[in-house]
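See structure below.
Labels for the chains are A, B, C, D, E and F, by order of writing; each one numbers its residues from 1.
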Amino acid sequence: MLHTINKSSFERNSLQSCLNTIDDTSVILLIEDGVICAANNANSSMLAELATQGRVFALQGDIDARGISSKVADNIKLVDYAGFVDLVVEHGTTVSWV
Amino acid sequence: MLHTINKSSFERNSLQSCLNTIDDTSVILLIEDGVICAANNANSSMLAELATQGRVFALQGDIDARGISSKVADNIKLVDYAGFVDLVVEHGTTVSWV
Amino acid sequence: MKISIQINEGPYQHQASDTAYQFAKAAIAKGHEIFRVFFYHDGVDNASRFTVPPQDDRHIVNNWADLGIKNADGNEVELVVCVAAALRRGMLDASEAGKNGIDSNNIHPAFRISGLGQLIEAGIQSDRLVVFGD
Amino acid sequence: MKISIQINEGPYQHQASDTAYQFAKAAIAKGHEIFRVFFYHDGVDNASRFTVPPQDDRHIVNNWADLGIKNADGNEVELVVCVAAALRRGMLDASEAGKNGIDSNNIHPAFRISGLGQLIEAGIQSDRLVVFGD
Amino acid sequence: MSTKKFMYLNRKAPYGTVYALESLEVVLIAAAFEQDVSLVFIDDGVYQIVDGQNTDGIGMKNFSKAYHALGDYDINQLYVSAESLTERGLSVDDLMPLVYEDEDDDWAEKPSIKVVSNVEISKIMSEQDVCLSF
Amino acid sequence: MSTKKFMYLNRKAPYGTVYALESLEVVLIAAAFEQDVSLVFIDDGVYQIVDGQNTDGIGMKNFSKAYHALGDYDINQLYVSAESLTERGLSVDDLMPLVYEDEDDDWAEKPSIKVVSNVEISKIMSEQDVCLSF
């Protein structure tokens, strides 16, 4: 299962809600303003464990747009839109935490 | 100064941001989904002190619409749209935490 | 008192326009003047004359249009749509449609398209400016 | 693989439509089929043929329209606009305009208006359905 | 047509945005397709089914009664997050008494609402074929 | 025309929504009205002025360079929340080096960005006549 998060964890509760219900095999893809969750900041601990397990991805284009490419936290895997498509294909059902 | 909050404190950071910058004389009006901040819930402590000072208002119509009229926390003053207008007139500049 | 309003969101999707309308009506009922309502961002979509809501629902566009003649002193409530925001979102009056080679237009006649200066001017001319958004 | 897309937000205001478009383009480039794009909520505004973005900006409506003929296998990408959501928001095709006594219409010809059943059907027929929203 | 498991993920309060209303409109249409339908109410989505909603004061349509129709359409898997309720100072007694008649149990009237933990929601979620978010 | 104090309250990241871009468009227009203009960047709004934004990968217009024009329009009171920066792992060095030429000091080039505490923002806010939020 693939979960997409498109909002900053500073602004909304969508990342927290996703984490409250995610199972042990699902992965998370951060897109749009959701890539703010990929940066080293006061909320980084929310995703650190899942990132260590290789289960957190972020859209490179959205990270570059927001000028935070030098701030990406450890173990977050960057993908382009083709990589987004692959994640959708590989992980079955997609849940969008819009 | 009047601050309006139109989002739930569970969903967004707008109430917290407002509280981070509010001065000692301003009042808060909760409207739309912001009235969820007026109910007795896990976030009630955020507004309790200001409410005690009589500085927290909420739109009755929005509270009734969401079925939480029996849940309103202590010391929150309910107003209708005419009361909203009065608050705007009395309190100078309005800041909307949209 | 002279009050202006900025609306950042379109009709139906967000409550912003509904609340702004109720606020404006209440202000007029109390004898205040709504000097200008400025529709910005998706707020421009509140001006579409193509809007056809379900029979049992409110008609947000017509509500605003009817308000346009209701200030207590007989002054019109100005309903101004930001031109830049409108063009991006497919809201056109006859003039903008002509300039852009489009065969029709969809702005309700109670609204008029103008520039962002009208928002700043509303802030200067009014005693209060209240923003409604998402 | 057969993939469908649901878009909940209008163009320009939110990135949802942009991301969905980039996703769809990438999927087609990889040989997948975009079976249907369903525009719901404010997403219906992505179908306006009146849209006139600034010269130096992307044209979201035309981007989608151009995608409509680009599936690798020659199948069209269906661009379907929810009728109930569209009417509420002033998006009309010729038929709906006629039924509602409105003199023009604003749906780009690459899109078609249909019912919510088309969204459910997309979920049933496709291997994946991905939602883009606010 | 094959049967798939459809989940509707409801996370937003009603009235402030249209998502709750338009989500319900999809669910009611979905019933005709005879798929396996679950609704999840989590976060502020739990307010969608709070009892006693009264919209007289805001000039918007009260659509909450339409949830009572779900049972008649064989949509009776309404999962509500226990944690979300508790955080909001709500209990199942604050929710609408939504019911259905169980055809496998001599049409006995049974509650459609099941208050479950987030862990259980996680399990239900992982069994779905399609998730529609609003 | 009288002079008023206008504050633009920027709380949202760029690109995910259009508010940052359309807010900047208002500010640039506002310059012509010769009011006292302040911009506040707080919460995710601080990302609007982060240096090194590159939108090549998302197909959207990079409008961040336009902030450099603010100084030429005598808009040089850009207040950035220190707390918001810190929470986000950012410092003033991560922001664009926005400057203006001070006509009262022999046109010396000075920074337009002032990193201030939320308490100071509170004070600035309470002096405003008009607050435009996006």
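By our rule, a residue touches a chain if its C-beta (ideal position, glycine included) is under 8 Å from a C-beta of that chain, and two chains touch if they have at least 3 such contacts.
All values derive from a computational prediction rather than experimental measurement.
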Graph separation of subunit B and subunit D (steps between touching chains): 2
Between B-C and A-F, the pair with more C-beta contacts: A-F
Remotest chain, subunit E as reference, centres from CA atoms: F
Farthest chain relative to subunit D (centres taken as mean CA coordinates): B
Centre-of-Cα separation between subunit E and subunit A, whole angstrom: 27
Approximate Å spacing (C-alpha centroids) for the pair subunit C, subunit E: 35
Junction residues of subunit D, two or more chains touched: 8, 12-13, 15, 19, 22, 41, 57, 84, 129, 131, 133-134
Junction residues of subunit A - those touching two or more other chains: 6, 10-11, 13, 32-33, 59, 61, 80, 93-94, 96, 98
Sequence positions of subunit E contacting 2 or more other chains: 15-18, 43, 58, 60, 129-131, 133-134
Contacting chain pairs - touch in the sense defined above: A-B, A-D, A-E, A-F, B-C, B-E, B-F, C-D, C-E, C-F, D-E, D-F
Subunit C to subunit F touching residues, read off their complex: 6, 8, 40-41, 84-85, 115-117, 119-121, 123-124, 129, 131, 133
Residue ranges of subunit D in contact with subunit C within the complex: 10-13, 41-42, 45, 48-54, 57, 61, 84, 87-92, 96-97, 100, 102-106, 134
Subunit A residues within the subunit D interface of the complex: 4, 6, 31-33, 59, 61, 80-82, 84-86, 88-89, 93-94, 96, 98
Subunit F - residues contacting subunit A, complex: 12-17, 43-44, 47, 50-58, 60, 62, 64, 86-90, 94
Complex contacts: residues of subunit A adjacent to subunit E: 1, 13-14, 17, 20-23, 25-26, 93-98
